[in-house]
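For reference, the structures are reproduced in the following blocks.
What follows is chain A paired twice: with chain B in the first complex and chain C in the second.
Now for the complex of A and B:
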């Protein structure tokens, strides 16, 4: 079968480890939609938030090196992780009109920086390149009756001149993609608040507070579950949910899905390929209750 | 330090440090007119002793030592809300990066810069393995920060679900990464990079 669209693909470290369900469901979904993903061979860590917190030049050089490795694989560069997406695009944005900085980075990686390689988040590929109508017609099992809190977090939309994905204060792209599956997005207050990000290792107390507020807000809005597009947000909301419940004395019981898990489920991808068993807050009771298994 | 009296004079308000921050961050510090939108939207505000707008004001007044010694810069989550909302296009998130670097370079690690320990280990992992190695990151952080039992209950859960791998990811390009790190060190030695 011929693919409709083809991309080079940068999964990022998490998708090969803690976010393996994001990788599995992305592969399953894209295969079902006939979108080709061709992984960049031997890519490196993008540096994420820690690299730019410590050393801007190193952070730019790591991303520039990855962009130059991606140049060898045809197609726009598809990125799943919100942080990798943000760092790769920040690098292009910072270097495009700063010759002095670009020369430093070129010296560090001993080669040119491909500033023209188009970097796209999976959401953008699904909503814009593939298209919402086509997505809607690919749905085999509508997620009717499932109420979902779409959580953007920080880096998919901020700062606006970098991701160029959607409005930086009132985005709709996640809700639009979700609606194609027949599920119902809830209206809620915390969809763009920070989850505590990489403080999860050094100051988990910060995550308990910030992610706790997010979970409480989703629950209050009547959501059955949360949908995310970032492995770090997922870790804070899913892995730390038990700790947050313990600290706050509130029971949330909110499964946290990756965008591709819900879409793949709706598009008839076998549930064995969705990585549902990797999730710490099990989605099984909810999916059974909604007759979605 | 928070409530200590501030003595301002033409001497204390020298712009040398402000210019250094502006050069490193690529953002103006002087353009801030204290509207406070950054602090209004900051999710980490309640953890900081100086809210983001006050950090900038202190810099403008030459009081950078208070900022570098304080907690605020280490509690910024890089969420970019401040930079997104600033009406004067002050890129506060980039200024915070610059301040963290200057603080670390000037006084090394401190109790407040705990986060930086995690950041350094993260970078060390990249240099050694090319990619993140979460098991090592968590284990070494716990040992180095003296919190041996932190998240002990989570570990087995993550391992059985395949979320925490015992071994690091392989990368055939690994020699290339070391070259990038060494070239940057070399450039800094020769004064060719900040």
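Now for the complex of A and C:
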């Protein structure tokens, strides 16, 4: 079975840890779509938020080294996690017009930084490279009747000059991809608001408020569930949902899916390979109600 | 010229910081034909000019090179100084070692070497300069004013009151511009219509002003004192001579549902319309795109009901050519719209404000129309979505302005003041209402301006929140405003009934096209450029063209009117002379060699080449040759480059001179 498209693939730490269902569903979906994902050998952490908060050179060097490892695998670099995507793209953006900084980083990693290696988020691959039409025809089990709040979070589109994924404050790429499955994206207010991100550990109160607003807004818009593209957002909206419900005294009961989970479900990938059981807010009642299991 | 003097200027430190001026002077002294060279801190100052004059006399100089700034800056100054000593002014030239050298280079060695090269070039040219005589041309004492906003109106009235004829060209069916749309005006809160409409009437009645409304500039030719301007008078479909302005046609037109742009699309108007009741002229136009007759051939009601039979569906656009001596450009501004921008635009939109899809998020001009007694609500503040009176209104400043990441870095200058005004107008009409303003800082440098802004806060109880807004969204019948208050470091959320955006002042759409017709320059935002930011704020670099109002940059009414009167004064200064001196940089034909192919005649963009008959004493025709009319020649040199027999040359730029300059390097 020949692949239609082939990519080098950088899963990032979360996908091997807290977001294993993202990894499993990504692999399942891409296999079903005949898109090859070839994992970069020996990849390591992109540095995430801590590195660039502490030392810029360190954060650039970590990403630069990963990019240079990715050079060993043919194809544009596919990234699933919104934060890894942002860090890798930021590194290229920072170094492309800054020779002094680039030389510093090259010294640190002992080799050139592949500034030309295209870094692509899964959404971009699905919507643009694979194409919405092809995606639509790959759907075997349309998600008809499922109302989904597409949640972008902070990093997928911002700052606009870095990801260059879509309109930075009014994007549509997630909704477009979702619509290909037959599900219905709801129109809602908080799709671009911050979930509280890393404050989940240091100041959970912030997250209870911010993620709580997001859940409330999705619920008010009539969503059955939320779709995300970032493991950290997922953690805050899914794992923290119970705590938020307790603190606010409101019941949301909103399962939080990764984009690839919903797409894989629609494309007929076996539900066993979607990691549905590891979601804290169980999607089973909803999927059963909509006859999607 | 064989005794040339070279004067190298430091320009304070502008030049000497990167160029070793002493070394340039020493190198210049060794050049062929150079008899004297020196350097001086400020050549253009009085002592600098005296130095030049003294050197000419003492060293018996017959040519001068001033190595300093751009000739656009000071060529006239130094030529005048040279002329005062009895030298022909056209043997004095400038070598630009500032704009072309010191300002654009960093390396002192390289910059100095380049400055020496530039001086070499000019010295080689001056060696071969001819002593030219200035050309005089008559001045047509008739001004063209483009744009009939307050800037154009003021300039036209001032020039006309001085006794000169003025042609005023306005693109819209009526003059008035943005000021006609305003309700009351800062800093005194006088009604805009009351101070504006009498001036509009004065324009219409002034015996010296010819008004072309619903008209545009088609073509501009000629030069200072002698422009030929073709104006396209768009077909109004109503005969202005016959129309009495009774308005029956507008009342009877069955096509009534066209959004009224003057009211920011809040009200409607018929297909035959005047933009607003106080329009000047008060003659309607037919909007052919929306007229049933023009779309389907049916209807014709307006023609039937018009008593004096003024409606004329067959009217065509008309082109009129005007002879003009000076031009005032007063085409004003456009407001930034928050709708999505085209992908290729360097300026971004506001997705976070809903791209104009939330009905109760309006711009400042829409608020002016709501507050205006002649507006669609009769001056009641009622929000567009459901016509209810808003009790909580949020104003957001700097939308599009001072936002480098959105593509505009400048401050729009007027919005701090008009937002303060809006909060007051709102409070005057909705006594129990509350106005909030999100702002970065208040910019109120004008006479009585800061007092006005303080009044909005201290007396009219507007709440000013220092911070920006990150998102607006509809929630039920409210618009939620998510913002920050950076003075206390908290996030704020206000559920507003109405949100008013103080959107940026932008150049007119198409300002660049008009500039290209006029041959004037514009900046990266398409605002027209003045000749000098400080000393020539109303002149264009192109002689005979002046700027007034917001077309040159964001401006309020007081600044606009001042600039308009200044531009008018410049026109009057020009018109005070009967003859103008022109630079004699024109082409000359060597009649002995001209092969009469008239290639030059075909290429000359100014139409300056004529055919001249050469006859013997008996009057028999011997030959026909090309001849250049120096009054018309624009000095572009196209003929020189074209002539196959090399028989036409531009004074000051002859082949010999250009070759000598190249060889000097």
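The rule is simple: the second predicted complex is superposed on the first by the 293 of 293 C-alpha atoms of A that agree within 3 Å, B and C clash if a C-alpha of one lies under 4 Å from a C-alpha of the other, contacts with A are read in each partner's own complex, and residues count from 1 in each chain.
Everything below uses one rule, namely that a residue touches a chain if its C-beta (ideal position, glycine included) is under 8 Å from a C-beta of that chain, and two chains touch if they have at least 3 such contacts.
Please read these numbers as outputs of a predicted model, since none were measured by experiment.
Annotation for the three-chain superposition on chain A: chain B and chain C clash.
When the two structures are aligned on the shared chain, A:155 is found in touch with chain B, with no touch to chain C. Contacts of A:20 after superposition on the shared chain: chain B is touched, whereas chain C is not.
When the shared chain is aligned, chain B and chain C each come close enough to touch A:168. Contacts of A:132 after superposition: neither chain B nor chain C is touched. Of the two partner chains, neither chain B nor chain C is touched by A:115.
Look at A:107: by the touch rule set out above, it reaches chain B but stays clear of chain C.
Contacts of A:189 after superposition on the shared chain: chain C is touched, whereas chain B is not. When the two structures are aligned on the shared chain, A:216 is found in touch with neither chain B nor chain C. Applying the stated contact rule after C-alpha superposition, one finds that A:53 touches chain B and leaves chain C untouched. Counting residues of chain A touched by each partner, chain B versus chain C, the larger count belongs to B.
Comparing 4-12, 40-48, 148-156 or 184-192 from chain B against chain C in the aligned model shows that the clashing stretch is 40-48.
Comparing which residues of chain A touch chain B with which touch chain C, the overlap comprises 159-160, 168-169, 193.
The touching residues of chain B, counted against chain A in their complex, run 24, 26, 43-44, 46-47, 75, 77-81, 83-84, 91, 93, 97-98, 100-101, 104, 114-120, 122-123, 125-126, 130-132, 134, 137-138, 141, 145, 150-151, 154, 157-158, 161-165, 169, 171-173, 176-177, 179-181, 183-184, 187, 192-194.
Residues 13-14, 16-18, 20, 41-42, 44-45, 47-58, 61-62, 65, 69, 94, 98, 104, 107-110, 154-155, 158-160, 168-169, 193-194, 196-199, 201-204, 206, 209-210, 239, 243, 277-280 of chain A touch chain B in their complex.
By the touch rule above, chain A contacts chain C in their complex via residues 159-160, 167-171, 189, 192-193.
Against chain A, in their complex, chain C makes its touches with residues 340, 348, 350-352, 354-355, 405, 471, 473-475, 480, 482.
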